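Structure first, then comments.
Lettered A, B, C and D in written order, each chain numbered from 1.
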Amino acid sequence: MKINKLEKLKNLHELTRIRIIEEEIAKEYKNQEMRCPVHLSIGQEAVPVGVSRVLTKKDYIVSTHRCHAHYIAKGGSIDALIGELYGKESGTCKGIGGSMHMYDKKVNHIASVPIVGGSIPIGVGIGYAIKINKSKQVSVIYFGDAATEEGVFFESLHFAALKKLPIIFVCEDNKYSVYTSRYERHGKRDIKKLIKSMDVKFIETKENDVEDIYKKSLIAKKHAILNGPVCIYSKTYRYLEHCGPNNDDNLEYRPKKEIEYWLKKDPIELEIKKLKKIKIFNDEEYLTFCNSIRRKFISSIIKTKNTKSLSIKKLENLEYAK
Amino acid sequence: MKINKLEKLKNLHELTRIRIIEEEIAKEYKNQEMRCPVHLSIGQEAVPVGVSRVLTKKDYIVSTHRCHAHYIAKGGSIDALIGELYGKESGTCKGIGGSMHMYDKKVNHIASVPIVGGSIPIGVGIGYAIKINKSKQVSVIYFGDAATEEGVFFESLHFAALKKLPIIFVCEDNKYSVYTSRYERHGKRDIKKLIKSMDVKFIETKENDVEDIYKKSLIAKKHAILNGPVCIYSKTYRYLEHCGPNNDDNLEYRPKKEIEYWLKKDPIELEIKKLKKIKIFNDEEYLTFCNSIRRKFISSIIKTKNTKSLSIKKLENLEYAK
Amino acid sequence: MPNRKNSFIDAMSESLVQSMQKDKNVVILGEGVTDVKGIFNSTNAALKKFGHQRVIETPVSENALTGIQLGMSLLGKKPILMHARVDFSLLGFDQLINNASKWHYMFGGEMNVPMVIRLIIGRGWGQGPQHSQSLESVFSHFPGLKIVVPSTAKDCKGLMAASIFDKNPVVFIEHRWLHYYSSNFSKKFYKIDLNNSIDIKKRGKDLTILSSSIMLIESLKAAKILKKYDIDIEVLDLRVLRPLKLDKLYSSLKKTKKFIFVDNGWKTFGIGSEIFANILEKNIFLKNIPKRLACKDYPTPSSPHLNKGYYVTIKDICNEVCKCLSVKKNIKSKILNECEHIMSKVPHDLPDLNFKGPF
Amino acid sequence: MPNRKNSFIDAMSESLVQSMQKDKNVVILGEGVTDVKGIFNSTNAALKKFGHQRVIETPVSENALTGIQLGMSLLGKKPILMHARVDFSLLGFDQLINNASKWHYMFGGEMNVPMVIRLIIGRGWGQGPQHSQSLESVFSHFPGLKIVVPSTAKDCKGLMAASIFDKNPVVFIEHRWLHYYSSNFSKKFYKIDLNNSIDIKKRGKDLTILSSSIMLIESLKAAKILKKYDIDIEVLDLRVLRPLKLDKLYSSLKKTKKFIFVDNGWKTFGIGSEIFANILEKNIFLKNIPKRLACKDYPTPSSPHLNKGYYVTIKDICNEVCKCLSVKKNIKSKILNECEHIMSKVPHDLPDLNFKGPF
């Protein structure tokens, strides 16, 4: 499969768009007006961008506390994202959920939840409903490396395989669960063999390589629809602290060498290098693109600050669906 | 490794002892005086006998609702077992737990519980304590094939492997979870690869072959103490209904051929055949042995019926340990 | 169509089948729902009629199943997940409490979660500490859940239908012993409003008993005995625990001014606690000091010798009523004798004389 | 040794270290207990002193961890399992409720289960529906568990030590905002008796407030304001919820005859329900109609615009006291103004003015 130039540019733009938005959130966060936890995806953009390229708005995704990139890449509304961070009615959950809860039926981002592993069986249930409905969608389940320690992850894999559901499990392995490295948590477990033994197809991608992830996602989607569940496993790295807007490398829980290794593998840098090689990268155009994203973000912020929050009356009426 | 004649005879006697006791329980149960659920092990005796041969009283076991054979093979008291079935103070749990709860510190049968998978992490915790104490024991965890569907099973394997604990996981796969066959529940899952991928040594035994199970348990114990967790996986078959004293083949949830296959592989028959071959089986002696077991059982029943139950006052005082 | 006297399980089975007929999105999930016993013979008819596509056998994975059910409901399915014992649902508490109960609310009110969790409370024949818990008050603490506890076949049918077609997660808790009772109910599909916590099962003027599930049945039995002695009890069935609406209780108490609550679970932090707190806060005037009759505050012992006296009996109820109403000694002893006589007909650890162990 | 004013976390840390020193069987387990932050800096000192053998990092596997902890306790260990949020413990409910709470009892009373589960309640800075639940009443329903909810640094130290050396499973629930308070306590190792539910934190004669944890602190603040206006509140700290012993409450009510309960969780089927039920059953005479002040009966909204008014404030408390005592209008408005003034100093979603988000 070959990726054409336009698509390549689009990949770069998507990576960049997410990066800029997250960077701007980090800056803005310091004003202490976004009053909820934020788990930024800076450094990890390649996976959601690559995966989302093969999804339509009708395909479903569920995700985790670290959900901004999933939502943006799925085509989610930046205004709604910002709205949620500011706790306004315009937010994805009308301010009720906060940064770790995303929901947008317009793009079928069904839900993000901050309980580790919490959305995995829900994605399986969605896959089951798709299968019953015989609609040609897939259910994509994003989760981090720590979620693979929860029992519900295994129960979910097991069920998905048993019923041959159209599900793509996407593991973004950034090697850390908060401050604890994978070595301390997984020992000698072999995730590839594990997934395969459960009768779920296993596809590992190149690290932070959006084109590779895109190609493999295509294969995954086809397989999921025709044969049943697939797991895309992708190593990546977050640049900032687990939760919050800052770099926390001063805490030294991650080896310097490791950080350097990953900085050299920055998904955007990788892509720019490739585009330069085939001469379709234009500095000026790129700068213009970046600036337009930044401008849009800033205007979204300004707009959001002036919007209203949900009325308490409406809130109090939400215990039950009627 | 060679098993000497005496040991061979002992194996046969243990198998037989458990069979007879369970058969007698089934008979006696029909009088409706053992007023609690019973999950009999008839047909499945080879695993606990084989495994227990390598255990000392100081090694620990935990088990499930189907726990009689585990308890008897570990050297448990028949009087205490019967006492529990009759709900008397002489019972393993003073009548509070019933048939699905065994506990006997004299033989370190730490606990059986009827929540599927419920005792698995407890066995892991025991293994951890053993490791911290640097005592040369093992923790044996018995469970059925259905328990391998529970998330806690995976969490437990994971933890045991990570901390390299002296644990033998023993899966008695009798192919059924109540009336539901393994095919309907496990699809194409590969248990061998699964266990291995989690960095737990996998040992499959010959079906219902007590000598093979004994030999492999020796290997398992050594490995568990030196290197960490092992899983012994052993296919077997129950003859009677899931819960209760009757044969329920009339319900036809198990294929006739399958039943026939397993009846031909009866663990006791297998053993008798072997002993006959090497000419150490004596019909008369065996009959005498069987009769003595039966006699003991009957006298235990009579004794138990006449013992008292726990006083309500004592019972009411048990909410907390003091 | 005339009503027929049919069993609780008939009612359940009929409610499931008719609901599935009405809406093809209704599906059943659970361990054993397709086996020969079909969850105490309640799902066999549905399986026969709708097949394995809609009556779905599952592995033993309670937490995932609860999440899977939730996921299915988001795409318009109306799944009913069944556990043969309440106790197994504790494995799915993360998905039920952290997710399902809050889902509609926490994502801004746009998603609905129409799902039912059907749970069965065990009792008798050695159903010990881990197979006989009665966790209604725990479920009832959580905003977003509806908690339904039927007591009769008729209610079972209508409440189950209402639960299935409700847009919210409903925990439907049925007591295993109710399976041995029958009542008249229509063959037609019908629903019973879940916003109507209390149903008046027997009118009376001397004292109000509020109870649920199997204990409601026991309370009615007690009331029947007392009636012979001209003691006229009003028996209210608290068949929906959340949302909790107590107006009918207050009206009843205004009339009788005497109150007893009878619980199938533990007293402390139990159902009765909330009821009593409301009475105090509403400043309802009572002539007696009301009492919560409940199980002993420790887990169920398995042995029949030990669980005698563990559950509230008709004798306990009558005894308490006599106390409240200062019934004369000789009448009281007649009443209690009658209770004992009735109770002696069936061993205390059996639901019915025809029952043969095990469950 | 003189007492020093030290923080809640200092107290926790010291209690852990001293208990571990006293008994080598005491070990700590949990996700993040060995990381740079050490569960809000409470485990770092223990790690430094006792190393990774006794402060044990774990995978994210809550149900297994609870069972593992139980297994370890059976061989004489005294494990303390920590979850950074109460909400995560729901994943371990099977092991905690089905096994740990019943273990001593259901096997005939021979085994002991000395284990502590330390849980932290989140609040503020967008701690939304899944990170701020207050599940005390749920835990408190289960026989066999002990439920401890400290409010001060001093109590934290002594109650944690008592919990560690108790022979039963103890659920130790601490509120995240308590970390911003300090009090005087001894450097020496000490325990506080868990059989003594209530501690009198302030004596008074006009009205009794019963509360726990962070709401006890808020109640004390309210009492302090009221004192200036000659309103003399007795403030009782309900620091052990199970086993529940209410004698001190009854004595207090005999004196004040007026009562308010202040809860950090949901009202319905909450802590207050059980307290009120006891008052009714004990026929305690009150001059006011008592009220349960509690969180709104829906999950915590994340947005600061939406959770303003969700938790009970000192103003709510003072307002209710004024109502009960029929305080004159002009005094009442002074009191409420003062409350507002104090509350305006720190945004309602922050524990402290120096706090910088995120948690």
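Here is the rule we go by: a contact is a pair of C-beta atoms (placed from the backbone, for glycine too) under 8 Å apart; a residue touches a chain by one contact, two chains touch by 3 or more.
Everything quoted here is computed from the prediction, not taken from an experiment.
*Asks:* Minimal path length between chain A and chain C through chains that touch?
*Replies:* Tracing touching chains, the least step count from chain A to chain C comes to 1.
*Asks:* For chain A and chain D, let me know how many angstrom lie between their CA-based centres, rounded off.
*Replies:* Distance between chain centres: 36 Å.
*Asks:* List the centre-to-centre spacing of chain C and chain D in whole Å, with centres computed as mean CA coordinates.
*Replies:* 33
*Asks:* If you average the Cα atoms of chain A and of chain B to get two centres, how far apart are those centres in Å?
*Replies:* Each chain reduced to its C-alpha mean, chain A and chain B end up 46 Å apart.
*Asks:* Please list all residues of chain A that touch 2 or more other chains.
*Replies:* 91, 93, 96-97, 101, 113, 115, 118, 149-152, 155, 158, 162, 185-186, 310, 318-319 - these are the residues of chain A that touch more than one other chain.
*Asks:* Return the residues of chain D touching two or more other chains; collapse runs of consecutive numbers into ranges.
*Replies:* 58-59, 61, 63-64, 87, 91, 94, 98, 105-106, 128-130, 143-144, 297-298, in rising order.
*Asks:* Chain contact graph: line, ring, star, complete or other?
*Replies:* Here the contact pattern is complete, since every chain touches every other one.
*Asks:* Any idea which chain C residues touch chain B in the complex?
*Replies:* 31-32, 34-37, 57-64, 87-88, 91, 125-131, 296-298, 301-306, 309, 349, 356-359
*Asks:* Going by the contact rule set out above, which residues of chain A touch chain B in the complex?
*Replies:* 149-155, 158, 161-162, 185-194, 196-199
*Asks:* Name, in rising order, each residue of chain D that touches chain B in their complex.
*Replies:* 27, 53, 58-59, 61, 63-77, 94-95, 98-99, 103-113, 143-144, 146, 167-168, 243
*Asks:* In their complex, what parts of chain D are in touch with chain C?
*Replies:* Chain D reaches chain C through residues 63, 87, 90-91, 93-94, 97-98, 102, 105-106, 128-130, 135, 137-138, 140-144, 242, 244, 266, 268-277, 279-281, 283, 289-292, 297-299.
*Asks:* Given the complex with chain D, which residues does chain B contribute to the contact?
*Replies:* It comes out as residues 62, 91-94, 96-97, 101, 103, 105, 110-111, 113, 115, 118-130, 132-133, 139, 151-152, 155-156, 158-159, 162, 310, 314, 318-322.
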